[in-house]
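Chain naming follows the written order as A, B, C and D, and within any one chain the residues start at number 1.
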């Protein structure tokens, strides 16, 4: 019997305290909605952590017992301490999965993993989004058909400044005329990273069944095969070498 | 008439001052040997810069008039100021080419661009290396045949902890039994990055004609097509949208 | 002085003879419009060839003096002789550039190079298309801004059954709600391949200035660096080997 | 309870009948050795098929009940009927896994899937090979350490004329001085393809425990997530379109 995937759902958790509109949609924070949906899948153990927790809730101990970390942040990216970003990066490179949601495109950790600015175009106009599945055989699109729709979203438009994804999963169509690479996979070190675009705080995106399914699929896909530190060892020759002069 | 490619050859420049063996091989520093070789190509304007220069010789003004930056560093990676690394990263993402040489695999700037540890195996035993050309139609291998050899090198062995290269150019065979992805291309932002393995400070690697040819080819390949800052603009809808509720 | 790029513009040329609507848009065939646009660039020598020519106009001699071949076909894909497809494939693998236009997604040569079905969704409803530039530093998008539009097109929708492109250049937005990877680059053998979506025969797509610019840019990008046959030689050991038992 | 993976082990089976040396190493054919090793894994149902079987043992019925097909061929590549190659390609694009072994680099099916010549350098000198694991977190390298060795092999050297692998798994070092991309992954259509270099008929390669482990891992990795035909449907607009003129 396989043991459960240990997921830590991280949320900045600021909008929900300061913005009435967001408070209404997510009275207990976005993380609780995401956590509840993942828990219902049955094969995952879920914890949550937020910016205000000591060490942002991401201690060595927590990360060492986290298989996959999901990340949502927006207005407080700069409040995330660099030493915690260092730590998360190290764990991802050692194998921990990382799923960056929506405005986490501009989080310190995502930009750190990508090496690029991760900039994009954006607009808050409550328009329609349609996510096209361009990788129907990929585990992340399991149970998703040709496409799915979200009635009201914040728009993100190209060019998205990211390294060419190892695998492109979703391309979004927006009512206002833009497109976006909305689901992207990368491998870095021994870890797997998935960026998933939807998720604005003023819309009930994380209650959507397709969104929940994609995040759950992504957690399973990003579940580590190994956890292993990177070393830079002096290495003895395997084959005989002539004596050095 | 095309104007010349403006190259800045950066060298940490510490080994050459502190190690008698290195001083003998590179009395005026590795950068002068690289610079001289590139200048001889005829289509490049060359400057050099070192760690000890003010702002490491990499002021805004220098970088804005640099098309391609080559980087060699080893024992003083940590001495490179973070604000200079930020600046170089920004310029690369805006289009400036970056060529990282040998032990620059562990430089702050290369790790920053990659997002990974860039660790590897290594050995100093003066063994033979043979670099196999796996991309014969790529501009970086112009004039290089099936392979070329270096009689005495420091060994670098896999696994090299890098993102899968956009294009793999060279694979090395080492006498002691290892292999290495010795020439790797990536695109990040609007910039092009080439990592080239050979180059240990105690061997006359940068006097080698094939090495010089590859670096010159790489400079031409990395020469920017555009220089453009990244923005994250609020973007007006192109198509008409229904009024927001 | 660099010599001119030798381009052969291939066109099936059947619609223009059999369909009144197409005849009106392209009285002398699509190939003549494309050829004229490329000729006007000044750095290319242009020939045309069609299905009805002996050997479809693609003799050994023609291909050996062709740097880049552009291909348009639709209703007569099956009429293209397999031995000509073999020959074109061989030349591409040896270095010749190949640019496949619109309905050439289903041509024998494109499917041969890809190894996949190259199927997609389609609709003829004269709707609007907007091509977003996701690779602003790539030579193929030189002079193209954030996006360009075509007022009336045939729609192609995802999932497009192609190998993950080496580089994705354009993503299309369609008025009817679909998206498409409309500009895709691959390298195969020593040759470069570009697929470019727009181009339906009943609309004046090839008169469009942006379309002409992209095709010209693609020709320059696909211009061979080498022309070299592939061999599978028995190869003598470079290093000494122990005697075989 | 997951059902077993249905594997068909295909072997040309000619060398074993015509060459005394091969007969001695593989008295019942290479396929029986591979089949036995996979059966011992416990999670696979194994069938074998050879060139001499009716339809080469690869009827519609067999392929429809095959999750992953392994392929070994060498001297009789040309004897494989084109309609069977068409059929296998179709099934791979619909989701069936394909594992091509050693000299299958020149098989019709592998070349068909790749679109390239798949040529390489080769030598029969019984030398040593060391396969370096460059993807330690990939499921195909599960249980394989930094590297493993084969004491006597046929050499394959670069340049290997393949499309850039989606993921590079092994790089080989050869005693005679060459290197080779010995384990390569691609996705085509809905199917996964793995090429694995070792396997010459005159050496007992398929008795090697590491070789068996890699093939078993590759079977699990290539096990389809979906089986689905590709269609090219006329597609109704999702969004309202203005009436056509």
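Heads up, the rule we're going with is that a residue touches a chain if its C-beta (ideal position, glycine included) is under 8 Å from a C-beta of that chain, and two chains touch if they have at least 3 such contacts.
Since we're looking at a predicted model, the values are computed, not measured.
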item: Superposition of chain A upon chain B: rotation angle, C-alpha, nearest 5 degrees; value: 180
item: Identity of the chain that, by mean CA position, is farthest from chain D; value: B
item: Selected pair, greater C-beta contact count between A-C and A-D; value: A-C
item: Approximate Å spacing (C-alpha centroids) for the pair chain A, chain D; value: 33
item: Between chain A and chain C, centroid-to-centroid distance (C-alpha), Å; value: 37
item: Interface hub residues of chain B, defined as touching at least two other chains; value: 130, 136, 157, 164, 166-167, 175, 177-178, 187, 189, 238-239
item: Chain contact graph, described as a line, ring, star, complete graph or other shape; value: complete
item: Complex interface listing, chain A residues touching chain D; value: 95, 130, 136-139, 142, 166-167, 187, 189-191, 224-226, 228, 238
item: For the chain B and chain D complex, residues of the former touching the latter; value: 130, 132-136, 146, 157-160, 164, 167-168, 171-174, 177-179, 181
item: Chain C residues within the chain D interface of the complex; value: 89, 93, 106, 112-117, 119-123, 125-127, 155, 157, 161, 163-164, 166, 175-178, 186-189, 230-239, 241, 244-245
